[in-house]
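See the structures that follow.
Two complexes are shown next, each including chain A; its partner changes from chain B in the first to chain C in the second.
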Partner chain A sequence: MGNGKNKELPTSKIIGIPRGLSYYLDNFSWESFFHILGYEVEYSEDSSVETFETGNQFVGSDQCFPVKVYYGHVLSLLKKNNYIFIPQYTSMEEGTYCCPKVIALPQLIKNTIPQEINLLTVEIDLGREKFTRKNIRRLAMSLSQNPLRIFAAVNYFDKNRKRLPEEISSAEKFMGECQSNGKKGSIGVIGHPYALQDPFLNMGILNRLKEFGFDVVTSARYQRSYEQTDCPVYFSRRKPHWDFGRNILYAAESMLKDEKIQGIIFITYFGCGIDAFIEEIFNDSICGQKPYLGLTLDEHSGEAGLMTRIEAFTDMMIRKGGENRDAG
Partner chain B sequence: MPVKITFPHAGEYYVVFKDLMTNLGFEVVVPPPTSQRTLDLGVKYAPAQACLPFKITLGNLIEGIEKGADVVGMIGGKTGICRLAYYSEMYQKILADNGYSVDLLAVKVKKEFWDNLKKHQPELTFRQFIKTIRSFWRKLILFELIREKSLELRPYEVKKGDCTRIKRSFLQELEQTTDLSALKALRHKIIKGFASIPIDENRKVIKIGLVGEFFLLIDQFSTMNMEEFLGNNGILLKYSLSFSEFFIGSLKQKRFLDKYLPTHNHKVYQFAKEYITRPIGGHGRETIGEAVVFRQKGYDGVIHLYPFSCMPEVVAGSITSKVSVDWQIPILSICMDEHTGQAGFQTRLEAFTDMIKRKKFMPPQNENDIVHLEVSQ
Partner chain C sequence: MNQYYIGVDVGSVSTNIVVMDSMDNKKLYETLYIRTNGQPLESLNEGFITLKDKGYCMEDILGVGVTGSARILVGNIIGADSIKNEITAHAVAAIDTYPQVKTVIEIGGQDSKIILIRNGVVIDFAMNTICAAGTGSFLDQQSFRLKIPIEEFGDFALRADEPVRIAGRCTVFAETDMVHKQQEGATKEQIVAGLCEALARNYINNVAKGKSIEAPILFQGGVAFNKGIKRAFEQELAAQLVIPKHFNVMGALGSAILAKETVRDTKKKTTFKGFDIMQRKYKLKRVACQDCPNACELTEVTVEGEIAAKWGDRCGKWQK
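Showing the complex of A and B:
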């Protein structure tokens, strides 16, 4: 229970979780996990310019934008509480890897922020079940001395760890989340999970598209390509060995085949190694068939310029659609 | 008609690879030496944010294909975390898109290499294959010996350019020698040849270790002849990685041994453990570990080279400043891309090495001064 008998147990009952990168990778609820062990979870606030600026002081300049913002999240949590939980996701399924920056995230944070951090971390390799369970058990044991709680927490992880996004029927894809009725059509937005879910990282593109009256379908809505899917073609290329890469290629291919989706936007960040290669694979094929906009963002991206590009893109898309020739 | 094969230059390693391919029954088309045109071709066809090694090797391949090759040989497997594992797929796509129709032969230490080879060379026997590999290996070791010797002696040579000249003549000899016993004799000749260079042992020379991305460590074009530049400035260089290690390192058995026996890599991983707990792809973990090992061996500084947007090395590069403080060793982290200018690059190297020289040969008044290098680019 962690009643202070063991000095190694955390002294604080609150564990901070930065909301960035690995936070968005998995649907697993760490909050409930820590709750079982008797801890409260505190999330960092929404990302903003201040988050980025505080983080930017400690980051190497050639890191990508999401990593820089992640530093900000960690630092803002450190102001209140120095127990930080950063899961180390190495792989989401067998035979794949996450991006090296995500894999080394806990070590990167620990070794580059001068402030002292009580870092809680656990290596999660969803392709290796036993290994992951062992790590989870070790984490639980370092947080609690009550065997029942440890058992319950490990059990909870076992049961829920596979809650990855499921494939949903195509009808549903257009229904959820979209506030507008999407009279103008639907746009597919492809990107890494954190790029799609954090409005600061994607500069509010998704919201803006909805305001313009488009339905937005994101690549997060497509299943993380499993072996048994009927779409293992990946633009007739070999499967990439990155989780993100597979997801992006699979989503791009599915969106291309989906007749309801009229245009595709790809969000990437300057310096992202994976996307540099992945985009090369699909952009020719998409450009020939559907309106396509590749956006490379970084901390210097100006909002006005970005919106102009998106407006130009949507106007072009509408004109190409033929139904609203007068629009734009 | 023999199949014509080409492969990227990797420094001067083509000497060794040419021989391997010839013995395996290919007709070898050596691409012209890496030049500005090579880089321009690579930049033109490769994705904008691909890493420098990809651009240069792609340029090499295109130049080789222009000379008439039908097959391209390339290092690289299908596993790993870094982008190298996806290189072959990208080559195929980019070459096919631009109208170069070629086959790909992945050179690696796996059974797949043999299977792939059989497709192009059906008459090749296993016996012959093993024999070829043996002589290839011996040549590779000799090549690395020549390179290492030249780096060790260059800062001491009395007449500038002696080492480079001798190195070149030995490389030529190595290129022409194919016989196994002749290669044995060549080894003695190399050692003798380098011993005969007049040297000045009293020179004040500092020792610097080189860590970082594999290709940049062996390729002299992308680092703007750093080897010679630093050598002539009185700096003894030592590389942390060589091709032979690259090949052996990809063996499962080797990894197993490294885990349990006190090998060199075992030591490297132990040191790196404090900073990076698991492999993060490329040579990110090795970079950190080797830097510490260089410190333990008494080197005066470490230079860390990596191409722009190389994911593992960016992580390692961020951590090097902590390593530098913890182990009290100056580390210079330099990011290279196709826009890196020679003058700027060399100025940084000079500033770094001058600082180390000053520290070593003119001790500061205050002994507690910690030299900590904060590098940003």
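Showing the complex of A and C:
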């Protein structure tokens, strides 16, 4: 394993990874991968209003909020270092695709930020194994001339690649373990991985729910899709086309069946094409069976409107649970 | 000697205050409905002066509850015992006045909501999302444009023999439609009736989308005064709507009941600061917190030079 002190490589030894969108999609450690090749990784800082505002100057106005914040992450890294790694996830398994904005991310960034970027990217299509492996090898070769390191890096990817689709989960990420101290019950929160894991993007909803005394179970705790052997359920509809669309539907359906989960919140962003389709599918089935709250967030989201809805939602469950009231 | 609970609902269009008997939730001594006119504190002060003039004194007030979009601001200033969102307040009031209720339709100044209740418990609710079409503010604006006092809006609608069809999806398009239909010779009555139908349709397709609306249905909020809207809803839903006696102050009534519950549960004396509190010199300021890159905008309330409350931060450190 490389230790980052290898002197045979001339250019900057530090690669920046923006913490947004695709960063949250996988559990694969790009840091270890780059370490093997002799590089250090620098992550961007936590998202904040500043991140958003820096990013917003360069993004077209029709992009969604998470993309705007992603731009900010890239720009903050560019201040220190111009080697940026943006993986291009096109698909997480055969027959599904990522969101078009995630797919286009490297090109989008390269062509809209008017600053010199040494962009490192690699197309990852997990439905096409050979193709992806070739891409990874090419990336490794562009970063090192040492055949051993290249071999080790590709090997590392091969071994850990499986983690990408399957273990998009819990413990090591922001959410942490599902706490068992929620006296008032559990709320299921559904959303894309970045919406669940970045507290700036979700406006701290998960923490708020915990403050109100609820357990939070997110869609990240569920598989991305039904296993192959299971017949596809997805609310008796055709399998959706999108990776995380499947995860969202699967999570929604599982939460609906799970008696411990008393209510479901769906976090989406204004202008999200995938969610516009997906929400329609589960919306009708959830309504009437479990309390459901759909939250459409955007950069303009006022705290007041959001809090009113969350408060009303938790009140509803508290009062329903017989614990008749809650001191305001 | 009578003792009371006070409920305050400071909304975008009106500020409502009720004075409720401490023993009987159905007995309201006062129901005030004051236009907010963009100045929540002034309108509340006006209400408090009225109450004081009528002889209510602070010692007889057992608790105060606040709701409405300005609830945090107002609640902090007057020392409310309970600060609750509008949905909970409306639901509590609806269940209290009409225990069998299954659906509450509430249309206020800038938002409209549907609350589903089964066995006296809220099981689901929805609010309008990004568009304010179909709320009181829009009706207000149109009544002004048509030069019909808002109070007569309903009567106008009922007089129409055949309403014209108006797009209710968006207020801008609705207005375009109304102008167009006027130019084609539709009467004011027909237009008003068409507008009522459009709002009811919009509400059912948007706010109440996918919800099962079961009778008994309670219709509350300021817009419930409008008989045209009531009729449009009844036609659309093929069911009767019940309009509670205090339809326009249900939010305030609910917060009075919530205050009663809170005081009873915590067994503490009320934190209400009295009717005169609004007359003191308040200064509201929006300040930016510079402690982290989030640069939250805080609201700072100073009373006679002393910082009384501060809120609006993401991290919560100023609120304590």
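Here is the rule we go by: the second predicted complex is superposed on the first by the 289 of 328 C-alpha atoms of A that agree within 3 Å, B and C clash if a C-alpha of one lies under 4 Å from a C-alpha of the other, contacts with A are read in each partner's own complex, and residues count from 1 in each chain.
Here is the rule we go by: contacts are C-beta pairs under 8 Å (C-beta built on N, C-alpha and C of every residue); 3 or more make two chains touch, one makes a residue touch a chain.
It should be emphasised that the depicted structure is a prediction, and the values quoted were computed from it without experimental measurement.
Aligning the two structures on chain A places chain B and chain C next to each other without any clash.
Of the two partner chains placed by the overlay, neither chain B nor chain C lies in contact with A:253.
Once the two complexes are overlaid on the shared chain, A:215 sits clear of chain B and of chain C alike. In the superposition on chain A, A:198 makes contact with neither chain B nor chain C.
In the superposed pair of complexes, A:309 makes contact with chain C only, with no contact to chain B.
Legend: residue contacts after superposition of the two complexes on their common chain; A:284 is shown touching both chain B and chain C. By the touch criterion defined above, A:51 reaches chain C but does not reach chain B. Of the two partner chains, neither chain B nor chain C is touched by A:243.
In the superposed model, A:26 makes contact with neither chain B nor chain C.
Once the two structures are overlaid on chain A, chain A sits at the apex of an angle of 80° toward chain B and chain C, using CA centres and rounding to a multiple of 10. The minimum CA-CA separation between chain B and chain C in the overlaid arrangement is 7 Å, rounded to the whole angstrom. 270, 284 are the residues of chain A that lie in the contact sets of both chain B and chain C, per the superposition on chain A.
Within the complex formed with chain B, the residues of chain A that make contact are 59-63, 90, 97, 99-101, 103-104, 107-108, 111-112, 123, 237-238, 240-241, 270-277, 279-281, 284.
Within the complex, the chain C residues that touch chain A are 65, 69, 72, 80-88, 91, 121-125, 127, 129-130, 210-212, 258, 261-262, 265-266, 292-296, 312, 314.
Across the complex, chain A is touched by residues 47-51, 78-83, 85-86, 89-90, 93-94, 97, 275-278, 280-282, 284, 308-312, 314-315, 317-319, 321-322, 335, 376-377 of chain B. Of all residues in chain A, only 48-51, 200, 203-204, 270, 283-284, 287-288, 291-292, 296, 303-304, 307-309, 311-313, 315-316, 319-320, 324-325, 327-328 touch chain C in the complex they form.
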